[in-house]
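In what follows, a structure is listed as C-alpha coordinates, so that the remarks can point back to it.
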Amino acid sequence: MTSSETVDLAAMSGLEVLRTAMTMADRPPFIGDLLGIELDEIEHGKVVFGLTTRPEFANPLGTTHGGICATLLDSVMGCSVHTTLEAGVGYTTLELKVNYIRAVPTNGRRLTATGTTIHVGRTTATAEGRVVDDQGRLVAHGTTTCAIFR
Amino acid sequence: MTSSETVDLAAMSGLEVLRTAMTMADRPPFIGDLLGIELDEIEHGKVVFGLTTRPEFANPLGTTHGGICATLLDSVMGCSVHTTLEAGVGYTTLELKVNYIRAVPTNGRRLTATGTTIHVGRTTATAEGRVVDDQGRLVAHGTTTCAIFR
Amino acid sequence: MTSSETVDLAAMSGLEVLRTAMTMADRPPFIGDLLGIELDEIEHGKVVFGLTTRPEFANPLGTTHGGICATLLDSVMGCSVHTTLEAGVGYTTLELKVNYIRAVPTNGRRLTATGTTIHVGRTTATAEGRVVDDQGRLVAHGTTTCAIFR
Amino acid sequence: MTSSETVDLAAMSGLEVLRTAMTMADRPPFIGDLLGIELDEIEHGKVVFGLTTRPEFANPLGTTHGGICATLLDSVMGCSVHTTLEAGVGYTTLELKVNYIRAVPTNGRRLTATGTTIHVGRTTATAEGRVVDDQGRLVAHGTTTCAIFR
(Lines give C-alpha, C1' and ligand atoms only; values in the text may rest on other atoms or scores of the structure.)
Protein backbone atom coordinates (compact mmCIF):
# COMPACT_ATOMS: atom_id res chain seq x y z
CA MET A 1 0.00 0.00 0.00
CA THR A 2 1.11 3.52 -0.75
CA SER A 3 0.61 6.48 1.56
CA SER A 4 -0.50 9.77 0.05
CA GLU A 5 2.26 11.48 2.01
CA THR A 6 5.04 9.69 0.21
CA VAL A 7 3.95 10.25 -3.41
CA ASP A 8 4.27 13.29 -5.67
CA LEU A 9 1.23 13.07 -7.95
CA ALA A 10 2.29 16.14 -9.95
CA ALA A 11 5.41 14.35 -11.19
CA MET A 12 3.47 11.28 -12.35
CA SER A 13 1.87 10.51 -15.68
CA GLY A 14 -1.89 10.03 -15.71
CA LEU A 15 -1.44 6.28 -15.81
CA GLU A 16 0.84 6.37 -12.75
CA VAL A 17 -1.56 8.67 -10.86
CA LEU A 18 -4.49 6.33 -11.44
CA ARG A 19 -2.53 3.18 -10.59
CA THR A 20 -1.25 4.80 -7.41
CA ALA A 21 -4.77 5.87 -6.46
CA MET A 22 -5.91 2.25 -6.81
CA THR A 23 -3.64 1.13 -3.98
CA MET A 24 -3.40 4.24 -1.80
CA ALA A 25 -4.30 3.49 1.82
CA ASP A 26 -5.37 6.94 2.91
CA ARG A 27 -6.70 8.65 -0.19
CA PRO A 28 -9.27 11.43 0.33
CA PRO A 29 -13.01 10.66 0.06
CA PHE A 30 -14.18 9.88 -3.45
CA ILE A 31 -17.53 9.18 -5.09
CA GLY A 32 -16.21 5.68 -5.75
CA ASP A 33 -16.40 4.97 -2.01
CA LEU A 34 -20.00 6.21 -1.84
CA LEU A 35 -21.07 3.96 -4.72
CA GLY A 36 -18.70 1.05 -4.12
CA ILE A 37 -16.75 1.50 -7.35
CA GLU A 38 -13.95 -1.04 -7.86
CA LEU A 39 -11.04 -0.27 -10.18
CA ASP A 40 -10.65 -3.53 -12.10
CA GLU A 41 -8.11 -2.59 -14.72
CA ILE A 42 -6.12 0.49 -15.74
CA GLU A 43 -3.92 0.53 -18.80
CA HIS A 44 -2.88 3.06 -21.46
CA GLY A 45 -6.09 4.22 -23.17
CA LYS A 46 -8.41 1.78 -21.40
CA VAL A 47 -9.87 1.41 -17.93
CA VAL A 48 -12.41 -1.01 -16.43
CA PHE A 49 -14.40 -0.15 -13.28
CA GLY A 50 -17.25 -2.05 -11.65
CA LEU A 51 -19.85 -1.78 -8.91
CA THR A 52 -22.68 -3.84 -7.46
CA THR A 53 -26.19 -2.39 -7.44
CA ARG A 54 -27.91 -1.69 -4.12
CA PRO A 55 -31.50 -0.79 -3.16
CA GLU A 56 -30.47 2.81 -2.48
CA PHE A 57 -29.49 3.19 -6.17
CA ALA A 58 -33.19 3.02 -7.12
CA ASN A 59 -35.01 5.56 -9.26
CA PRO A 60 -38.71 6.23 -8.51
CA LEU A 61 -39.58 3.32 -10.85
CA GLY A 62 -37.61 0.90 -8.64
CA THR A 63 -34.80 0.07 -11.07
CA THR A 64 -31.22 1.34 -10.95
CA HIS A 65 -31.16 5.10 -11.53
CA GLY A 66 -29.65 6.23 -14.84
CA GLY A 67 -27.22 8.36 -12.86
CA ILE A 68 -25.36 5.22 -11.76
CA CYS A 69 -24.43 4.21 -15.31
CA ALA A 70 -23.75 7.84 -16.18
CA THR A 71 -21.36 8.08 -13.23
CA LEU A 72 -19.63 4.83 -14.20
CA LEU A 73 -19.32 5.89 -17.84
CA ASP A 74 -18.10 9.39 -16.96
CA SER A 75 -15.48 7.76 -14.73
CA VAL A 76 -14.16 5.14 -17.13
CA MET A 77 -14.21 7.38 -20.20
CA GLY A 78 -12.55 10.32 -18.42
CA CYS A 79 -9.96 8.05 -16.80
CA SER A 80 -9.19 6.35 -20.14
CA VAL A 81 -8.21 9.80 -21.43
CA HIS A 82 -6.25 10.49 -18.23
CA THR A 83 -4.15 7.35 -18.70
CA THR A 84 -2.74 8.80 -21.93
CA LEU A 85 -1.55 12.12 -20.48
CA GLU A 86 2.03 12.87 -19.45
CA ALA A 87 2.91 14.34 -16.07
CA GLY A 88 1.66 17.89 -15.64
CA VAL A 89 -1.07 17.64 -18.26
CA GLY A 90 -4.64 18.13 -17.05
CA TYR A 91 -8.07 17.48 -18.50
CA THR A 92 -11.73 18.13 -17.87
CA THR A 93 -14.90 16.59 -19.28
CA LEU A 94 -16.80 18.91 -21.62
CA GLU A 95 -19.74 16.65 -22.39
CA LEU A 96 -21.08 13.17 -21.96
CA LYS A 97 -23.75 11.22 -23.82
CA VAL A 98 -25.26 8.02 -22.48
CA ASN A 99 -27.58 5.56 -24.23
CA TYR A 100 -29.60 3.32 -21.92
CA ILE A 101 -30.24 -0.17 -23.32
CA ARG A 102 -31.52 -2.32 -20.47
CA ALA A 103 -32.98 -1.65 -17.00
CA VAL A 104 -30.92 -3.05 -14.11
CA PRO A 105 -32.45 -4.39 -10.87
CA THR A 106 -31.10 -2.91 -7.63
CA ASN A 107 -30.63 -6.27 -5.91
CA GLY A 108 -26.90 -6.79 -6.14
CA ARG A 109 -26.13 -6.97 -9.84
CA ARG A 110 -22.48 -6.48 -10.75
CA LEU A 111 -22.04 -3.86 -13.48
CA THR A 112 -18.75 -3.65 -15.36
CA ALA A 113 -17.87 -0.49 -17.29
CA THR A 114 -15.08 -0.23 -19.86
CA GLY A 115 -13.82 3.11 -21.18
CA THR A 116 -11.58 3.38 -24.24
CA THR A 117 -10.07 6.43 -25.91
CA ILE A 118 -11.12 7.11 -29.50
CA HIS A 119 -8.89 10.13 -30.19
CA VAL A 120 -6.43 12.05 -28.03
CA GLY A 121 -5.25 15.25 -29.66
CA ARG A 122 -3.35 18.28 -28.47
CA THR A 123 -6.30 20.17 -26.93
CA THR A 124 -9.23 17.75 -27.00
CA ALA A 125 -9.91 14.03 -26.66
CA THR A 126 -12.87 11.71 -27.18
CA ALA A 127 -13.61 8.34 -25.65
CA GLU A 128 -16.35 5.72 -25.64
CA GLY A 129 -17.64 3.40 -22.95
CA ARG A 130 -19.87 0.39 -22.39
CA VAL A 131 -21.53 -1.06 -19.30
CA VAL A 132 -22.44 -4.75 -19.16
CA ASP A 133 -24.22 -6.73 -16.44
CA ASP A 134 -23.01 -9.95 -14.81
CA GLN A 135 -24.42 -11.95 -17.73
CA GLY A 136 -22.46 -9.88 -20.22
CA ARG A 137 -25.55 -8.12 -21.55
CA LEU A 138 -25.15 -4.51 -22.71
CA VAL A 139 -26.78 -2.15 -20.21
CA ALA A 140 -25.63 1.28 -21.44
CA HIS A 141 -23.05 2.88 -23.71
CA GLY A 142 -21.73 6.36 -24.18
CA THR A 143 -19.23 8.82 -25.61
CA THR A 144 -17.49 11.86 -24.15
CA THR A 145 -15.48 14.91 -25.20
CA CYS A 146 -12.66 16.15 -22.95
CA ALA A 147 -10.54 19.31 -23.03
CA ILE A 148 -6.81 18.82 -22.43
CA PHE A 149 -4.62 21.45 -20.76
CA ARG A 150 -0.96 21.15 -21.77
CA MET B 1 -47.84 12.73 5.33
CA THR B 2 -49.07 9.94 3.17
CA SER B 3 -48.43 6.27 3.78
CA SER B 4 -47.49 4.08 0.83
CA GLU B 5 -50.10 1.57 2.01
CA THR B 6 -53.01 3.91 1.51
CA VAL B 7 -52.27 5.13 -2.03
CA ASP B 8 -52.85 3.48 -5.42
CA LEU B 9 -50.03 4.80 -7.59
CA ALA B 10 -51.32 2.98 -10.69
CA ALA B 11 -54.50 5.08 -10.66
CA MET B 12 -52.60 8.36 -10.47
CA SER B 13 -51.27 10.63 -13.19
CA GLY B 14 -47.52 11.14 -13.31
CA LEU B 15 -47.91 14.52 -11.64
CA GLU B 16 -49.91 12.96 -8.78
CA VAL B 17 -47.40 10.12 -8.37
CA LEU B 18 -44.48 12.53 -8.06
CA ARG B 19 -46.31 14.89 -5.70
CA THR B 20 -47.33 11.95 -3.53
CA ALA B 21 -43.77 10.63 -3.49
CA MET B 22 -42.58 14.04 -2.22
CA THR B 23 -44.56 13.71 0.99
CA MET B 24 -44.68 9.94 1.51
CA ALA B 25 -43.42 8.97 4.96
CA ASP B 26 -42.35 5.43 4.26
CA ARG B 27 -41.33 5.35 0.62
CA PRO B 28 -38.79 2.71 -0.42
CA PRO B 29 -35.08 3.59 -0.62
CA PHE B 30 -34.19 5.91 -3.48
CA ILE B 31 -31.00 7.39 -4.89
CA GLY B 32 -32.30 10.76 -3.77
CA ASP B 33 -31.77 9.67 -0.16
CA LEU B 34 -28.19 8.59 -0.88
CA LEU B 35 -27.33 11.92 -2.49
CA GLY B 36 -29.59 14.17 -0.42
CA ILE B 37 -31.81 15.22 -3.32
CA GLU B 38 -34.58 17.65 -2.35
CA LEU B 39 -37.70 17.98 -4.51
CA ASP B 40 -38.19 21.73 -4.66
CA GLU B 41 -40.97 22.04 -7.21
CA ILE B 42 -43.12 19.73 -9.34
CA GLU B 43 -45.58 21.06 -11.87
CA HIS B 44 -46.90 20.01 -15.29
CA GLY B 45 -43.87 19.81 -17.59
CA LYS B 46 -41.34 21.23 -15.13
CA VAL B 47 -39.57 19.99 -12.02
CA VAL B 48 -36.88 21.51 -9.81
CA PHE B 49 -34.65 19.35 -7.60
CA GLY B 50 -31.61 20.34 -5.53
CA LEU B 51 -28.79 18.92 -3.46
CA THR B 52 -25.80 20.14 -1.47
CA THR B 53 -22.32 18.92 -2.46
CA ARG B 54 -20.34 16.81 0.03
CA PRO B 55 -16.70 15.65 0.14
CA GLU B 56 -17.76 12.12 -0.80
CA PHE B 57 -19.05 13.45 -4.15
CA ALA B 58 -15.45 14.10 -5.24
CA ASN B 59 -13.87 12.88 -8.45
CA PRO B 60 -10.16 12.02 -8.43
CA LEU B 61 -9.42 15.69 -9.22
CA GLY B 62 -11.13 16.77 -5.98
CA THR B 63 -14.13 18.57 -7.51
CA THR B 64 -17.70 17.31 -7.69
CA HIS B 65 -17.90 14.24 -9.93
CA GLY B 66 -19.71 14.73 -13.23
CA GLY B 67 -22.01 11.88 -12.25
CA ILE B 68 -23.70 14.12 -9.67
CA CYS B 69 -24.91 16.64 -12.26
CA ALA B 70 -25.74 13.77 -14.65
CA THR B 71 -27.87 12.17 -11.93
CA LEU B 72 -29.61 15.46 -11.15
CA LEU B 73 -30.26 16.18 -14.84
CA ASP B 74 -31.48 12.65 -15.55
CA SER B 75 -33.86 13.00 -12.59
CA VAL B 76 -35.33 16.41 -13.40
CA MET B 77 -35.59 15.82 -17.14
CA GLY B 78 -37.16 12.36 -16.76
CA CYS B 79 -39.55 13.59 -14.08
CA SER B 80 -40.56 16.60 -16.18
CA VAL B 81 -41.73 14.12 -18.82
CA HIS B 82 -43.41 11.97 -16.15
CA THR B 83 -45.49 14.95 -14.93
CA THR B 84 -47.20 15.12 -18.32
CA LEU B 85 -48.32 11.47 -18.45
CA GLU B 86 -51.80 10.26 -17.58
CA ALA B 87 -52.43 7.36 -15.19
CA GLY B 88 -51.23 4.04 -16.55
CA VAL B 89 -48.73 5.53 -18.99
CA GLY B 90 -45.07 4.61 -18.44
CA TYR B 91 -41.78 5.95 -19.72
CA THR B 92 -38.09 5.14 -19.81
CA THR B 93 -35.02 7.22 -20.63
CA LEU B 94 -33.38 6.28 -23.92
CA GLU B 95 -30.48 8.68 -23.83
CA LEU B 96 -29.04 11.63 -21.96
CA LYS B 97 -26.50 14.27 -22.94
CA VAL B 98 -24.81 16.54 -20.43
CA ASN B 99 -22.59 19.57 -21.05
CA TYR B 100 -20.34 20.54 -18.16
CA ILE B 101 -19.74 24.29 -17.85
CA ARG B 102 -18.19 24.92 -14.45
CA ALA B 103 -16.41 22.78 -11.82
CA VAL B 104 -18.19 22.67 -8.45
CA PRO B 105 -16.35 22.39 -5.10
CA THR B 106 -17.44 19.58 -2.79
CA ASN B 107 -17.68 21.77 0.31
CA GLY B 108 -21.41 22.25 0.68
CA ARG B 109 -22.50 24.07 -2.46
CA ARG B 110 -26.23 23.97 -3.17
CA LEU B 111 -26.96 22.91 -6.75
CA THR B 112 -30.42 23.50 -8.22
CA ALA B 113 -31.53 21.56 -11.29
CA THR B 114 -34.54 22.44 -13.44
CA GLY B 115 -35.98 20.05 -16.02
CA THR B 116 -38.49 21.17 -18.66
CA THR B 117 -40.19 19.20 -21.41
CA ILE B 118 -39.49 20.26 -24.98
CA HIS B 119 -41.81 17.85 -26.78
CA VAL B 120 -44.13 15.11 -25.53
CA GLY B 121 -45.52 12.98 -28.35
CA ARG B 122 -47.35 9.70 -28.48
CA THR B 123 -44.34 7.38 -28.26
CA THR B 124 -41.38 9.63 -27.47
CA ALA B 125 -40.60 12.79 -25.54
CA THR B 126 -37.64 15.15 -25.19
CA ALA B 127 -36.70 17.47 -22.35
CA GLU B 128 -33.91 19.84 -21.38
CA GLY B 129 -32.33 20.69 -18.04
CA ARG B 130 -30.00 23.16 -16.38
CA VAL B 131 -28.04 23.07 -13.14
CA VAL B 132 -27.04 26.29 -11.39
CA ASP B 133 -24.99 26.85 -8.23
CA ASP B 134 -25.98 28.93 -5.21
CA GLN B 135 -24.81 32.08 -7.00
CA GLY B 136 -27.03 31.33 -9.99
CA ARG B 137 -24.11 30.46 -12.26
CA LEU B 138 -24.66 27.77 -14.88
CA VAL B 139 -22.86 24.56 -13.88
CA ALA B 140 -24.20 22.06 -16.44
CA HIS B 141 -27.00 21.63 -18.96
CA GLY B 142 -28.44 18.70 -20.86
CA THR B 143 -31.10 17.13 -23.03
CA THR B 144 -32.78 13.73 -22.97
CA THR B 145 -34.93 11.44 -25.12
CA CYS B 146 -37.57 9.25 -23.46
CA ALA B 147 -39.76 6.44 -24.79
CA ILE B 148 -43.41 6.53 -23.71
CA PHE B 149 -45.50 3.37 -23.24
CA ARG B 150 -49.23 4.03 -23.67
CA MET C 1 -23.16 44.96 -51.71
CA THR C 2 -19.66 44.42 -50.50
CA SER C 3 -16.83 42.95 -52.53
CA SER C 4 -14.58 40.40 -50.91
CA GLU C 5 -11.62 42.32 -52.25
CA THR C 6 -12.36 45.45 -50.26
CA VAL C 7 -12.85 43.88 -46.81
CA ASP C 8 -10.33 42.68 -44.22
CA LEU C 9 -12.13 39.83 -42.46
CA ALA C 10 -9.25 39.30 -40.02
CA ALA C 11 -9.80 42.75 -38.53
CA MET C 12 -13.52 42.17 -37.97
CA SER C 13 -15.40 40.73 -35.03
CA GLY C 14 -17.36 37.54 -35.63
CA LEU C 15 -20.57 39.53 -35.82
CA GLU C 16 -19.09 41.83 -38.48
CA VAL C 17 -17.69 38.90 -40.47
CA LEU C 18 -21.08 37.19 -40.60
CA ARG C 19 -23.00 40.37 -41.43
CA THR C 20 -20.51 41.15 -44.19
CA ALA C 21 -20.82 37.62 -45.54
CA MET C 22 -24.61 38.08 -45.75
CA THR C 23 -24.28 40.88 -48.28
CA MET C 24 -21.05 39.99 -50.04
CA ALA C 25 -21.53 39.86 -53.82
CA ASP C 26 -18.70 37.55 -54.72
CA ARG C 27 -18.15 35.31 -51.73
CA PRO C 28 -16.62 31.88 -52.37
CA PRO C 29 -18.85 28.81 -52.77
CA PHE C 30 -20.59 27.72 -49.59
CA ILE C 31 -22.83 24.86 -48.54
CA GLY C 32 -25.56 27.45 -48.06
CA ASP C 33 -25.69 27.94 -51.81
CA LEU C 34 -26.01 24.19 -52.42
CA LEU C 35 -28.92 23.89 -49.97
CA GLY C 36 -30.49 27.33 -50.49
CA ILE C 37 -29.78 28.56 -46.96
CA GLU C 38 -31.00 32.11 -46.29
CA LEU C 39 -29.49 34.18 -43.47
CA ASP C 40 -32.56 35.72 -41.86
CA GLU C 41 -31.09 37.36 -38.79
CA ILE C 42 -27.65 37.76 -37.20
CA GLU C 43 -27.21 39.43 -33.84
CA HIS C 44 -24.93 39.03 -30.82
CA GLY C 45 -25.45 35.47 -29.52
CA LYS C 46 -28.31 34.58 -31.85
CA VAL C 47 -28.70 33.76 -35.54
CA VAL C 48 -31.68 32.64 -37.63
CA PHE C 49 -31.21 30.81 -40.94
CA GLY C 50 -33.84 29.18 -43.18
CA LEU C 51 -34.23 27.01 -46.23
CA THR C 52 -37.01 25.46 -48.31
CA THR C 53 -37.13 21.68 -48.69
CA ARG C 54 -36.68 20.18 -52.17
CA PRO C 55 -37.17 16.65 -53.57
CA GLU C 56 -33.39 16.14 -53.73
CA PHE C 57 -33.24 16.48 -49.92
CA ALA C 58 -35.03 13.12 -49.57
CA ASN C 59 -33.81 10.19 -47.50
CA PRO C 60 -34.59 6.67 -48.75
CA LEU C 61 -37.93 6.88 -46.89
CA GLY C 62 -38.99 9.87 -48.98
CA THR C 63 -38.95 12.53 -46.25
CA THR C 64 -36.34 15.22 -45.69
CA HIS C 65 -33.00 13.63 -44.72
CA GLY C 66 -31.89 14.19 -41.13
CA GLY C 67 -28.69 15.69 -42.50
CA ILE C 68 -30.59 18.80 -43.60
CA CYS C 69 -31.69 19.71 -40.06
CA ALA C 70 -28.25 18.70 -38.75
CA THR C 71 -26.62 21.06 -41.26
CA LEU C 72 -29.00 23.89 -40.36
CA LEU C 73 -28.48 23.37 -36.62
CA ASP C 74 -24.69 23.08 -36.96
CA SER C 75 -24.75 26.35 -38.92
CA VAL C 76 -26.94 28.41 -36.61
CA MET C 77 -25.42 27.11 -33.38
CA GLY C 78 -21.83 27.55 -34.59
CA CYS C 79 -22.57 31.01 -36.00
CA SER C 80 -24.31 32.07 -32.77
CA VAL C 81 -21.00 31.38 -31.01
CA HIS C 82 -19.07 33.16 -33.78
CA THR C 83 -21.13 36.36 -33.30
CA THR C 84 -19.77 36.68 -29.76
CA LEU C 85 -16.06 36.49 -30.69
CA GLU C 86 -13.78 39.49 -31.08
CA ALA C 87 -11.55 40.02 -34.10
CA GLY C 88 -8.79 37.44 -34.37
CA VAL C 89 -10.54 34.81 -32.25
CA GLY C 90 -11.37 31.52 -33.95
CA TYR C 91 -13.58 28.57 -33.12
CA THR C 92 -14.36 25.05 -34.23
CA THR C 93 -17.25 22.69 -33.50
CA LEU C 94 -16.28 19.77 -31.26
CA GLU C 95 -19.62 17.99 -31.17
CA LEU C 96 -23.25 18.30 -32.15
CA LYS C 97 -26.37 16.54 -30.91
CA VAL C 98 -29.67 16.66 -32.78
CA ASN C 99 -33.09 15.43 -31.66
CA TYR C 100 -35.58 14.78 -34.46
CA ILE C 101 -39.19 15.53 -33.52
CA ARG C 102 -41.22 15.57 -36.73
CA ALA C 103 -40.68 14.30 -40.29
CA VAL C 104 -40.66 17.05 -42.95
CA PRO C 105 -41.99 16.55 -46.50
CA THR C 106 -39.61 17.47 -49.34
CA ASN C 107 -42.21 19.48 -51.28
CA GLY C 108 -41.19 23.04 -50.53
CA ARG C 109 -41.59 23.42 -46.79
CA ARG C 110 -39.81 26.42 -45.29
CA LEU C 111 -37.70 25.45 -42.28
CA THR C 112 -36.45 28.16 -39.91
CA ALA C 113 -33.54 27.43 -37.57
CA THR C 114 -32.58 29.57 -34.59
CA GLY C 115 -29.26 29.18 -32.77
CA THR C 116 -28.58 30.79 -29.39
CA THR C 117 -25.48 30.68 -27.22
CA ILE C 118 -25.84 29.10 -23.78
CA HIS C 119 -22.32 29.75 -22.46
CA VAL C 120 -19.27 31.38 -24.02
CA GLY C 121 -16.14 30.91 -21.91
CA ARG C 122 -12.47 31.47 -22.52
CA THR C 123 -11.72 28.18 -24.29
CA THR C 124 -15.11 26.56 -24.92
CA ALA C 125 -18.68 27.55 -25.72
CA THR C 126 -22.04 25.80 -25.89
CA ALA C 127 -25.16 26.72 -27.84
CA GLU C 128 -28.62 25.35 -28.53
CA GLY C 129 -30.82 25.43 -31.61
CA ARG C 130 -34.34 24.74 -32.79
CA VAL C 131 -35.86 24.16 -36.22
CA VAL C 132 -39.54 24.91 -36.86
CA ASP C 133 -41.62 24.41 -39.99
CA ASP C 134 -43.78 27.01 -41.73
CA GLN C 135 -46.61 26.32 -39.27
CA GLY C 136 -44.32 26.95 -36.31
CA ARG C 137 -44.19 23.29 -35.29
CA LEU C 138 -40.96 22.01 -33.76
CA VAL C 139 -39.10 19.79 -36.24
CA ALA C 140 -35.74 19.27 -34.52
CA HIS C 141 -33.61 20.71 -31.74
CA GLY C 142 -29.99 20.38 -30.73
CA THR C 143 -26.99 21.45 -28.70
CA THR C 144 -23.33 21.89 -29.57
CA THR C 145 -19.91 22.29 -27.92
CA CYS C 146 -17.30 24.54 -29.58
CA ALA C 147 -13.62 25.11 -28.87
CA ILE C 148 -12.47 28.74 -28.93
CA PHE C 149 -8.94 29.77 -29.97
CA ARG C 150 -7.88 33.09 -28.43
CA MET D 1 -30.33 -2.99 -63.07
CA THR D 2 -33.66 -3.13 -61.40
CA SER D 3 -36.63 -0.92 -62.28
CA SER D 4 -38.68 0.55 -59.46
CA GLU D 5 -41.81 -0.61 -61.28
CA THR D 6 -40.96 -4.27 -61.00
CA VAL D 7 -40.10 -4.45 -57.29
CA ASP D 8 -42.33 -4.64 -54.24
CA LEU D 9 -40.34 -2.86 -51.53
CA ALA D 10 -42.98 -3.60 -48.87
CA ALA D 11 -42.35 -7.33 -49.18
CA MET D 12 -38.59 -6.97 -48.77
CA SER D 13 -36.43 -7.00 -45.66
CA GLY D 14 -34.47 -3.84 -44.89
CA LEU D 15 -31.32 -5.44 -46.28
CA GLU D 16 -33.09 -6.29 -49.56
CA VAL D 17 -34.59 -2.81 -49.84
CA LEU D 18 -31.19 -1.16 -49.46
CA ARG D 19 -29.42 -3.55 -51.83
CA THR D 20 -32.15 -3.04 -54.41
CA ALA D 21 -31.90 0.73 -54.02
CA MET D 22 -28.15 0.51 -54.75
CA THR D 23 -28.77 -0.81 -58.23
CA MET D 24 -32.15 0.70 -59.12
CA ALA D 25 -32.02 2.57 -62.43
CA ASP D 26 -34.90 4.96 -61.89
CA ARG D 27 -35.09 5.54 -58.18
CA PRO D 28 -36.59 8.87 -57.01
CA PRO D 29 -34.31 11.81 -56.17
CA PHE D 30 -32.28 11.35 -53.02
CA ILE D 31 -29.88 13.48 -51.00
CA GLY D 32 -27.17 11.01 -51.98
CA ASP D 33 -27.39 12.30 -55.55
CA LEU D 34 -27.03 15.92 -54.39
CA LEU D 35 -23.92 15.12 -52.35
CA GLY D 36 -22.48 12.34 -54.52
CA ILE D 37 -22.89 9.61 -51.91
CA GLU D 38 -21.69 6.18 -53.04
CA LEU D 39 -23.00 3.01 -51.39
CA ASP D 40 -19.83 0.96 -50.94
CA GLU D 41 -21.06 -1.94 -48.83
CA ILE D 42 -24.35 -3.11 -47.32
CA GLU D 43 -24.54 -6.14 -45.06
CA HIS D 44 -26.53 -7.22 -42.01
CA GLY D 45 -25.82 -4.64 -39.28
CA LYS D 46 -23.15 -2.71 -41.17
CA VAL D 47 -23.08 -0.27 -44.09
CA VAL D 48 -20.27 1.73 -45.69
CA PHE D 49 -20.97 4.88 -47.74
CA GLY D 50 -18.53 7.40 -49.20
CA LEU D 51 -18.37 10.76 -50.94
CA THR D 52 -15.74 13.12 -52.31
CA THR D 53 -15.57 16.68 -50.92
CA ARG D 54 -16.30 19.59 -53.27
CA PRO D 55 -15.86 23.37 -52.93
CA GLU D 56 -19.62 23.82 -52.51
CA PHE D 57 -19.46 21.76 -49.28
CA ALA D 58 -17.57 24.62 -47.58
CA ASN D 59 -18.52 26.25 -44.32
CA PRO D 60 -17.79 29.98 -43.87
CA LEU D 61 -14.31 29.01 -42.61
CA GLY D 62 -13.50 27.32 -45.94
CA THR D 63 -13.34 23.71 -44.72
CA THR D 64 -15.96 21.00 -45.23
CA HIS D 65 -19.16 21.90 -43.35
CA GLY D 66 -19.97 19.73 -40.35
CA GLY D 67 -23.31 18.97 -41.95
CA ILE D 68 -21.57 16.75 -44.52
CA CYS D 69 -20.21 14.35 -41.92
CA ALA D 70 -23.48 14.55 -39.98
CA THR D 71 -25.36 13.58 -43.15
CA LEU D 72 -22.99 10.70 -43.85
CA LEU D 73 -23.16 9.45 -40.27
CA ASP D 74 -26.96 9.77 -40.10
CA SER D 75 -27.14 7.77 -43.33
CA VAL D 76 -24.79 4.92 -42.43
CA MET D 77 -26.01 4.56 -38.84
CA GLY D 78 -29.70 4.66 -39.79
CA CYS D 79 -29.15 2.25 -42.70
CA SER D 80 -27.17 -0.15 -40.48
CA VAL D 81 -30.29 -0.41 -38.31
CA HIS D 82 -32.48 -0.76 -41.41
CA THR D 83 -30.46 -3.78 -42.64
CA THR D 84 -31.53 -5.72 -39.54
CA LEU D 85 -35.30 -5.20 -39.95
CA GLU D 86 -37.66 -7.74 -41.45
CA ALA D 87 -40.14 -6.86 -44.18
CA GLY D 88 -42.87 -4.51 -43.01
CA VAL D 89 -40.90 -3.12 -40.07
CA GLY D 90 -40.13 0.61 -40.14
CA TYR D 91 -37.80 2.90 -38.23
CA THR D 92 -37.04 6.55 -37.67
CA THR D 93 -34.06 8.37 -36.19
CA LEU D 94 -34.76 9.92 -32.79
CA GLU D 95 -31.40 11.52 -32.20
CA LEU D 96 -27.87 11.77 -33.51
CA LYS D 97 -24.61 12.85 -31.90
CA VAL D 98 -21.50 13.68 -33.90
CA ASN D 99 -17.96 14.33 -32.63
CA TYR D 100 -15.71 16.23 -35.03
CA ILE D 101 -12.04 15.20 -34.87
CA ARG D 102 -10.33 16.69 -37.92
CA ALA D 103 -11.15 19.43 -40.43
CA VAL D 104 -11.46 18.22 -44.03
CA PRO D 105 -10.43 20.32 -47.06
CA THR D 106 -13.07 20.76 -49.79
CA ASN D 107 -10.72 19.92 -52.65
CA GLY D 108 -11.73 16.40 -53.53
CA ARG D 109 -11.01 14.34 -50.44
CA ARG D 110 -12.71 10.95 -50.33
CA LEU D 111 -14.53 10.39 -47.03
CA THR D 112 -15.61 6.88 -46.06
CA ALA D 113 -18.29 6.38 -43.40
CA THR D 114 -19.04 3.09 -41.68
CA GLY D 115 -22.18 2.53 -39.60
CA THR D 116 -22.59 -0.46 -37.28
CA THR D 117 -25.48 -1.43 -35.04
CA ILE D 118 -24.79 -1.58 -31.30
CA HIS D 119 -28.20 -2.85 -30.12
CA VAL D 120 -31.40 -3.66 -31.98
CA GLY D 121 -34.33 -4.26 -29.65
CA ARG D 122 -38.07 -4.57 -30.11
CA THR D 123 -38.88 -0.84 -30.10
CA THR D 124 -35.53 0.95 -30.20
CA ALA D 125 -32.06 0.52 -31.67
CA THR D 126 -28.69 2.23 -31.33
CA ALA D 127 -25.77 2.38 -33.74
CA GLU D 128 -22.36 3.97 -34.04
CA GLY D 129 -20.43 5.36 -36.99
CA ARG D 130 -17.01 6.58 -38.02
CA VAL D 131 -15.79 8.71 -40.90
CA VAL D 132 -12.21 8.42 -42.15
CA ASP D 133 -10.39 10.34 -44.87
CA ASP D 134 -8.45 8.87 -47.79
CA GLN D 135 -5.42 8.43 -45.56
CA GLY D 136 -7.43 6.45 -43.02
CA ARG D 137 -7.39 9.24 -40.44
CA LEU D 138 -10.46 9.59 -38.21
CA VAL D 139 -12.46 12.67 -39.22
CA ALA D 140 -15.66 12.28 -37.17
CA HIS D 141 -17.57 9.69 -35.17
CA GLY D 142 -21.07 9.45 -33.81
CA THR D 143 -23.91 7.49 -32.25
CA THR D 144 -27.64 7.41 -32.89
CA THR D 145 -30.90 6.22 -31.33
CA CYS D 146 -33.70 4.95 -33.60
CA ALA D 147 -37.32 4.02 -32.91
CA ILE D 148 -38.55 0.80 -34.51
CA PHE D 149 -42.16 0.27 -35.61
CA ARG D 150 -43.14 -3.38 -35.66
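Which chain is which? They are A, B, C and D, in the order written, and residues in each are numbered from 1.
In the analysis below, a residue touches a chain if its C-beta (ideal position, glycine included) is under 8 Å from a C-beta of that chain, and two chains touch if they have at least 3 such contacts.
Treat the numbers as computed from the prediction; the structure is a model and nothing was measured.
Contact count check for A-C and A-B (C-beta pairs in contact): higher for A-B. Separating the CA-averaged centres of subunit A and subunit C is a span of 35 Å.
We define each chain's centre as the mean of its Cα atoms; on that basis subunit A and subunit B are separated by 22 Å.
Counting partner chains per residue, subunit B shows two or more touched chains at residues 94-95, 97, 99, 145.
Chain contacts here are complete: no pair of chains fails to touch. The part of subunit B that touches subunit D in the complex is made up of residues 94-95, 97, 123-124, 145, 147.
Interface residues of subunit B facing subunit C in the complex, by the touch rule stated above, are 97, 99, 101, 118-119, 121, 126, 128, 138, 141, 143, 145. On subunit A, the positions that touch subunit B within their shared complex are 17-18, 21, 28-31, 33-34, 55-62, 65-68, 70-72, 74-75, 78-79, 82, 90, 92-100, 103.
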